[in-house]
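Next up, some structures in structure tokens.
Across the two complexes that follow, chain A remains constant while its partner is chain B and subsequently chain C.
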Partner chain A sequence: MIEVQLSKLNYQPGETIEGKFVWKQIGKGIRFDIRLIWFTEGKGTRDHQTIQKQLIEPIEVDGSKSFRFVAPTWPHSFSGQFISLRWAIEAVELPSEEATTVILVIAPEGQEIVLPRIDESAKFTKPIEGLLR
Partner chain B sequence: MNAAKAISSSPAKRGTPWGCLLVFGLIFVTVACGGLVLMIGMPLFKTIQAQRWEERTSLILKSEVVTSRDDDGSVYRPEINFEYEYQGKKYRSSNWSTGFASSSFKGAAQSVVDRFPVGSEPPCFVNPNDPSQALLDRSFQKSNLFALFMLIFLAIGGGLMWVAVRGIATQWRQKRDAANKSAEQTSFVSASTSTSSSHKSTSRIGVEDELDGDQGEDDGDDDDLESGEDIEKYEDDVDAPWYGLSGPQKLEPTSKRLHTFLGFLFVALFWNGISWTIFLSALFKQDWFTVAFLLIFVGIGAIMIYAAVHHFLKLFNPTVSVALSNGAVCPGESVDLAWELVGRVSRIRELRVTIIGEEVVTYVRGTNTSTDRKIFQRIPVASVSTDEEKRFGSASITIPPNTIHSFSAPNNKIEWSVEVHGEIAWWPDIRETMRFAVRPAAISGDQP
Partner chain C sequence: MIPARDNPFASHRVESLKYRYPGFDFDDAVARLEQMQWRAAILGPHGTGKTTLLLELHRYLQNSNNDRSKPSRIWFVPRDRSSRNQQWLELLEECSPQTILLVDGYERLSWSKRLQLLGLGPTWIRQSCLPKSIVVTTHRPVGLPVWIHTTSNSTTMEELLLELHPTASPETIDQARKLFTTRRGNIRDVFWKLYDSC
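Then we have the complex of A and B:
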């Protein structure tokens, strides 16, 4: 059994993400990759990228190890009508590539940006008075 | 938390397969060039050579229209056999000219047969170097010009290759820039870790080699990780859309009017060239079922011609220039936007300038790859109707504070643009879109 423990799930860009990777009763020769990744969900074909990773090769059957990443400055977590971008910590078992995933938010104020829905029928309204020079 | 196949291990779909496009274009060009050489080049060469051949009298032995039938209908060919004498020796030939042998139109074949009736003695032209070669007509046959339709394939193939080469060049440039960036960062990090760590290689950027780790100390206990130790950082291969855009920027339109027109023209010529050839062939043969069926394709071709004409007329619209005081603005920040129109602005009823934020996604359904766009932000900037304001104007705009920055991955993008829309009565409107970048608030300068 493996587990990823994080002190919190919402981070600001540049903030340190600290966590602990815990394993119990694992077989011999198994290694783990702790990865900080972003990926997209929604209508489009998925894009993803590993930003940082740390390899762990346990010797003991049970144990734990702390890890630390720095939350990148971009891209920010957001949700729109077509695209959602999510950050995650993946603990990937090697070589099987089975993963335990914890979803994070990395965005200003630690809050996911929600894109507004707009009424496309109202395409143009008069700009605010005084805006023009 | 849930266990599943790692997202980060799945193959990521990368951008356009430029190599395939290049090969595809090359096939078009090769076929077109081959056709042009075979159907125009070689007959033309033989025609020029035949001008020096010697004239003799021939005797027409056989002259008739030969009909052959296949799935596409009847094909007619004039079969002319003639006899001639050169340096006391008699020869026979059936190559009466350098033109095409077959045609769907019987009239063309019949006119040749009528020209050379059996028993007549027209002049023929004999190759003195090889007297077995002779022609009854050594002029260049207009029917060979039919092969000029190959130019359409040549243009399409050439266009595809041009686009592919540009794409490959851009990809290569991006890789080179990324490699340079990575090399700079790697040397920086190596320098910073080599003094503080005894590990062989504990921190890298842009290198995917597995690390040995510090297992000697990771014996299952809860060890704290020193900052920078055995963490691999990956070079960010998603380009920062705001890279190099800080400061005043003149925005470029996303598509050039001339390129758009030429694109539509090529497609219209290609489509209509093929559909009209088949359509007219069916019409002459009075194959009414095929004619009715092909009317759909001819109709689509007419729409394509309309689109090409529409974009041709757009070439004469006033040109639009837009500049921003900062080409990479942060959410919550204000930026000055100025526009300038050159040309007959009096034709424009109303000019509107709008800031647009869009989600752009590419996805595959079956064998089709589609791209969809969804606007999430529309900020009206200006709506002017006097000539002076249309010619030149400026406004200050504020990007909403809690919005998303520009983002560009192979299949998912956030794009910010300035849209200039000018309504013109009885004429195609001006509609120019110019991209700019919104960068994350936390970033200063160009570096991600």
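Then we have the complex of A and C:
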């Protein structure tokens, strides 16, 4: 049994993400990669990237270890009609690559940015300030 | 508006579906694949579950709790030629003869690459690194024995629809039925269109 414990789930860019990884009754030779990742969900091809990671090599059958990452300044968690970008802490068991995931929000004010639905009638009718002059 | 992450027809949800068809049993199918020595093709038209079945097979092979788990590598052959060639080189480096290679979009490969994967390429490649076991998806016969011939029907489509979206309205189900007909049984296309309706 493994568990990723975090004191909170909403972070601002630059903030420290501190957590504890707990394992119980694990087999010999198993290692864990704790990763800070982002990934996309929605329509079409998915994308993902590992930003920071920390390897944990348990010596005992039961135990725990603290980990720490710094929330990157970019990209921010957001959600729109066609794509959502989500951050997560992923504990990946090696060599099986089985993952346990905890979803986070990394964005200003610690709140996911929600994009408005595209208004079909308004599309391309107004120049975007600063982009088209 | 439903955020993309919660859309019932988002790619990650559709890709996690299990292949289903009346009478299909995954364990029986894997036993048959073992008899075929893991050299086979999944054959069928667009949107009938070829990739779904290949992904399910990949998950099965990767599951360490499963007695039959084996080293496997799935390759989605890109449409773009330069990416395809780059990934081909990476594949040659990563795979060993013991790896079970799962190839989605086998027909996008050049004849020379296909021959190499079938073990008919130059001897130095054949002996050094390419996997001996290969399962591919294809729309036409490609010289490998057919493991599963995929087809679709509207009953299966509706079952999958309700698995993705248990609270789908009668209007959505009706729309899906119409799309299934106009899209000539392509279930992936049906879900792609329904995504926009949410």
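In this text, the second predicted complex is superposed on the first by the 120 of 133 C-alpha atoms of A that agree within 3 Å, B and C clash if a C-alpha of one lies under 4 Å from a C-alpha of the other, contacts with A are read in each partner's own complex, and residues count from 1 in each chain.
Throughout what follows, a residue touches a chain if its C-beta (ideal position, glycine included) is under 8 Å from a C-beta of that chain, and two chains touch if they have at least 3 such contacts.
Fair warning: this is a prediction, and the values are worked out from it, not measured in the lab.
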Answer with first, second, both or neither: which of chain B and chain C does A:Glu98 touch in the superposed model?
-> both
Who touches more of chain A, chain B or chain C?
-> B
Have a look at where A:Phe82 lands relative to chain B and chain C in the superposition and call it first, second, both or neither.
-> both
Return first, second, both or neither, reflecting whether A:Ile113 touches chain B, chain C, both chains, or no partner chain.
-> first
Of all the chain A residues, which ones make contact with chain B and with chain C?
-> 42-46, 80-83, 97-98, 116-117
Residue set of chain C touching chain A in the complex reads 1, 3-5, 7, 9-12, 62-64, 192, 195-196
Quick one: in the complex, what on chain B touches chain A?
-> 1-10, 12-13, 210-211, 213, 215, 218-225, 227, 230-234, 236-238, 240, 352, 354, 357, 359, 361-364, 372, 374-378, 380-384, 389, 393-397, 402-405, 407, 409-412, 414, 439-443, 448
Would you pull the chain A residues touching chain C in the complex into a rising list?
-> 41-46, 79-84, 86, 96-98, 114, 116-117
Per the touch rule, the chain A residues reaching chain B in their complex are 3-4, 12-14, 20, 35, 37, 39-40, 42-69, 72-76, 78, 80-83, 85, 88, 90, 92, 97-102, 108, 113, 115-118, 120, 123-127, 131-133
